[in-house]
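Chain naming follows the written order as A, B, C, D and E, and within any one chain the residues start at number 1.
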Amino acid sequence: TNTQTVLKEERTIKFYFQDGAPALTVAKLLEDNPSLSPYIHIEYEMEKSPDLLVTRILKEEADIAIVPSNLAATAYNKGLPYKIAGTATWGSFYLTSTEDIRGYGDLKGKEIYSFGKGLTPDLVLRYVLSENGIDPDKDVNINYLNAASEVGPMFLSGKTNLALLAEPLLTTVMMKKSDAKVILDLNEEWSKAADVKNGFPQASIIIKNELIDEDWEFVDKFLDAYEGSRLWAEENLEDLSLLAEEQGIGVLKETIEKGIIWNNLESFHIKDCKGEYEAYYNAIMDFEPEFIGGEHPDEGIYLQR
Amino acid sequence: MDKIREINKSFGKLDVLVNVSIDFPHGKTTCILGPSGCGKTTLLNIISGLWAEDSGNIYGFQGDIAYVFQEDRLIPWKNIEDNLRFVLRGKINKMEMDNIIDKYLKLVSLEEYKRYYPSQLSGGMRQRINILRAFIYPSNLIIMDEPFKSLDINTKQVLIDFCKFLREIYEKTCIIVTHDIDEAILLGHRIVILTDKPTTVKKIIEIEEQDNWIRLRTEIEREFTA
Amino acid sequence: MKGYTSKGKWHVTISIALTICIYMILSWVVGDEIILPTVRSIIENIVDIGKGPSFLRILGSSLYRSLWGFTISFLLAIVLAIISGVYGPIYYLISPTIKFLNSVPIIAIILLALIWLNSEMVPMFVGFVMVFPILFETVLKSIVNIDSNLMEMARVYKVKNFYIIKDIYMPSIYMGLMNILPSSIGLNLKMVISGEVLSQPKYAIGSNLQLQKMYLNTSGVFAWIVIILILGKVLEYLMRGLMRWIKLEK
Amino acid sequence: MKGYTSKGKWHVTISIALTICIYMILSWVVGDEIILPTVRSIIENIVDIGKGPSFLRILGSSLYRSLWGFTISFLLAIVLAIISGVYGPIYYLISPTIKFLNSVPIIAIILLALIWLNSEMVPMFVGFVMVFPILFETVLKSIVNIDSNLMEMARVYKVKNFYIIKDIYMPSIYMGLMNILPSSIGLNLKMVISGEVLSQPKYAIGSNLQLQKMYLNTSGVFAWIVIILILGKVLEYLMRGLMRWIKLEK
Amino acid sequence: MDKIREINKSFGKLDVLVNVSIDFPHGKTTCILGPSGCGKTTLLNIISGLWAEDSGNIYGFQGDIAYVFQEDRLIPWKNIEDNLRFVLRGKINKMEMDNIIDKYLKLVSLEEYKRYYPSQLSGGMRQRINILRAFIYPSNLIIMDEPFKSLDINTKQVLIDFCKFLREIYEKTCIIVTHDIDEAILLGHRIVILTDKPTTVKKIIEIEEQDNWIRLRTEIEREFTA
């Protein structure tokens, strides 16, 4: 490794992540901007739309990125040079209702508003329902909307009183509608059904192979620093909300301060949660293989630390 | 008797008609002569109710009016048969309509052009349709604005004869604007000569059967050159 | 444009071929299935999609929404524009709403649209909001621009309003609309499909398109685009047929 | 439509007032800030937005994109349509691309657009794809429909092509475009804003609109709609001024 | 000498011109008479190069052509001054243009209407502009399709005199279509009479100075009624 050090030139790498919960995990890191290597300078870029994030990966512009876990697999299967280093956020979908629903039996015959047909929310809902004896095609009637943000107003306006909501939207909705309650935490339900510990990995942090090969030391330091930033975010809600405002993160101050955005912050490193990924990808293979590019990614997708 | 009294009309600062009063006896033909641009068409448009006069009174002119416009005003997207039908529907029943259209078209030798569109006709042919449209339309009053222009002498003769025939049979009142003095003498019971703008009535000549053509002609021409 | 017809066919064929050639070269140069997929994989995807069990149902549903939506915009535009064109004050009463529809981005009221309407109706609504103001203005302007000489002629001859509308207004409107009909039908289909992306009805081109996009299957996206192009062509033929049927075509 | 002008102003005011009244009653009946916010809270939001530090910059950026995009569509449409109108074969070469733009839903190529262009350009591109085919067709049809009698006259008198274009083509195109210009400028602004929602440039109405939507702040969404309406009005005045300046208005 | 030989033209199944051959001597005026719809306008359009003949040959007709169309063909969105300018630009320099336009307009008493649009003029006024446009345009050949219709006798006289003046000063060749036999005799050096469709040349009459008006008139009228 000595020869490598000699060759190093100063350079800037790009770290892309999406607005919302992922951005909150980065906020502290961005604020401190610690110098992790004398040669590498990190440029932080927050993308507001998922499409833009996707194009950063496709064009291989990102050196580090937080992306939906299925996108990580798709990229890998399409031969793009990225590896999963850890889980940025765990599942945060909740079945919410104003009605009194206890247990899966009560769901029969109900109409559920959901979003992202053929995508993770759909997968998780269907998986959990069918593992608990509800046929998602026959026993319930699922209506889809395109984006998580469309579901909120539906629920608030009372057009539906049974809806799948995601954080941080859920907190916002609960603040505006006092009689709403969470009837199922799908991450928890998924853990039970799939027999894993942490639920499903919603967003993963991926790193470009080139960077890993070039400067392992930096990557290692970076992952530690990022983990620190995540943990800080959980413990310093007030400060976080100030940071978020400063950085233009699109989550309401009040929502952050209520602080129920997080699931399983402790589990981050890929080595601790390969099982969760395997379960997630397996479920997708049964559901719609196209969603991760047609095949189950091999071991090579995981970063060996 | 239809009549207009003290009609005034101006366009902006341009005074066109000033205190024009004319009588139009029933069943008679009044010819209007006057310099180009003096307001003859304007007068006809006022009489037919299309344009509003600025002041003055109009008496009579009840019932349907047929109008041979100075331009042909045919509907470009309808063939000539349908152009004629356009003004007849609701006034004549269907079967009669076909008959009469054929008969009239034959009269002006256009029976073969029934299905032609206006753009496919010559200027004179379009003008003949313009005239036919007025003749075919059941009315008490026919207004004609230079009807016989663009026509060769034979066609003109046919139409003039037909015009006379119609007005005798149906006792139609006619108002004809023309620049042709012979035509005016031939067709008119009365000839109204207008001045140039601001336009007033210069002279009204009643034509009697026994009047001498040459004398009348010279009299009218004198009015123009004066 | 007449007289080109036989030469025209040639030109069309050649230029489509040319466009495809250029695309093939481009996709070969780029060499990335995700950015510009090869023609081969697009065709494979079309075949796959075509073989799918509910393919016809998907097409039919989108086509149905598009046709209905357009018919409604079309009829409403004609009726309202005639009323506004003939009776001025009505124009001023309708115009703020038209202006509103004309200026407000659909993205902004999609929230409300989703709440007000069911997911089948939203795509039609999206198409309506885009297409209606265009049709309305075109019809209105055709009416206002009608040759006043002809109108005077009709008035002198006391032609009944019914016939004035049928024989003067309608053809004028027709000629005005001709200028804009093909592109507004295309626009409508486009917007209905966008609406489907937002409201995700069960059977819909938009829903499927969005899915392919989320799966990063660019060939699939292109396959759907090709299908939409063909559908657009079919719509155009239907339209032509309809127009010939109305027998207003010279 | 002339002659109404003074009465017209009245009608406009009355009908806007009426529309607002109806809205107030509706929002009072519904009584839910999320479905139909009250006029009061909308106004409060507008004031808040207006006070924001980069408000003018946001407006300016969107307006800038919209104007540029429209100018490009407009000029390109005129030039290409004149060429196609005058020289037939060119029409057949251009038409597949026009057809393509005309039929393909922007949502389908947005991924590619994002890859090809930067986020400042995407909104313009979205507007372009919508508006260009409409303008092109309108201009083309105006040219094809030019009174052939006048063209013959110009040819006999050997009038130079430059003057034929300036004095016959341009006014005809102008009259054709008049029918469609206001609605297509509106359409363009609408589409640019939708493009901004997708590409999220830093200073943009679309980005802010989307943010309000994410916050489930319906009053904020309405506030932006009102701002967009006003902007549309301003655009219209600019356009009128420009037209008067070109002195083609009779 | 300009000439046409064996010109044929038909519209679909309608044969209009059949083997029409006519000479047009330089500096002379040829008047064309013929029934309405026989193909006079068609012939003029072929001579001026606007329409293509089906077969036949055209010799000569070099240089610029001025054409008084049967319809006025004024540009509706330009005022009459600009309508005249439209055909003059690039042929006459700016200053001269203003002068000559004023002079010509005065001649037909339209100097006050410079800024009027065609729709604000009477039919006769529009026709005068149509004629002026051709007179003002520098050319060797003037083609006129029923130029003096819709004009009162005084205006007509002014224009006829002016026409004569122009053709003498500038030695212009003129081709005039008319339905008025007197006009033809007054203006023409040669009179060409056409038959009805399918149209051929029926008779060509050379007019000598000493010819007797009445005799000529009767001769031509006989051709028509025959």
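Here is the rule we use: contacts are C-beta pairs under 8 Å (C-beta built on N, C-alpha and C of every residue); 3 or more make two chains touch, one makes a residue touch a chain.
Predicted, not measured: the structure shown is a model, and the values here were computed from it.
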| item | value |
| --- | --- |
| Common touching chains of chain D and chain C | A |
| Steps in the shortest chain-to-chain touch route ending at chain D and beginning at chain B | 2 |
| By count of C-beta pairs in contact, the leading pair of chains | C-D |
| Relative to chain B, chain with the most remote C-alpha centre | A |
| Computed distance of Cα centres, chain E from chain B, in Å | 27 |
| Chain B and chain C: spacing of chain centres that average the CA atoms, whole Å | 49 |
| Geometric centre distance via CA averages, chain D-chain A, whole Å | 38 |
| Interface hub residues of chain B, defined as touching at least two other chains | 71 |
| Touching two or more other chains - residues of chain D | 35, 110-111, 115, 175, 197, 210, 213, 218 |
| Residue numbers of chain A (touch at least two other chains) | 54, 58, 153, 157 |
| Chain pairs in mutual contact under the definition given at the outset | A-C, A-D, B-C, B-E, C-D, D-E |
| Sites on chain E touched by chain B in the complex | 11, 33-37, 39-41, 70-71, 120-125, 128, 145-146, 149-156, 179, 181, 221, 224-225 |
| Chain A contact footprint on chain C (complex, rising order) | 33-35, 110-111, 114-115, 119, 197-200, 207, 210-211, 214-217 |
| Chain D - residues contacting chain E, complex | 149-150, 152-160, 163, 167-168, 171, 175, 250 |
| Footprint of chain C on chain A - complex, ascending | 54, 58, 71, 74, 78, 116-119, 143-146, 150, 153-154, 157, 159, 290-291, 293 |
| Touching residues (chain side chain D, partner chain C) in the complex | 1, 4, 7-8, 10-12, 14-16, 18-19, 35-36, 88-89, 91-97, 99-100, 102-112, 115, 130, 133-134, 137-138, 141-142, 144-145, 175-176, 178-180, 182-184, 186-187, 189-191, 193-194, 197, 206, 209-210, 213, 218, 221, 224-225, 228-229, 231-233 |
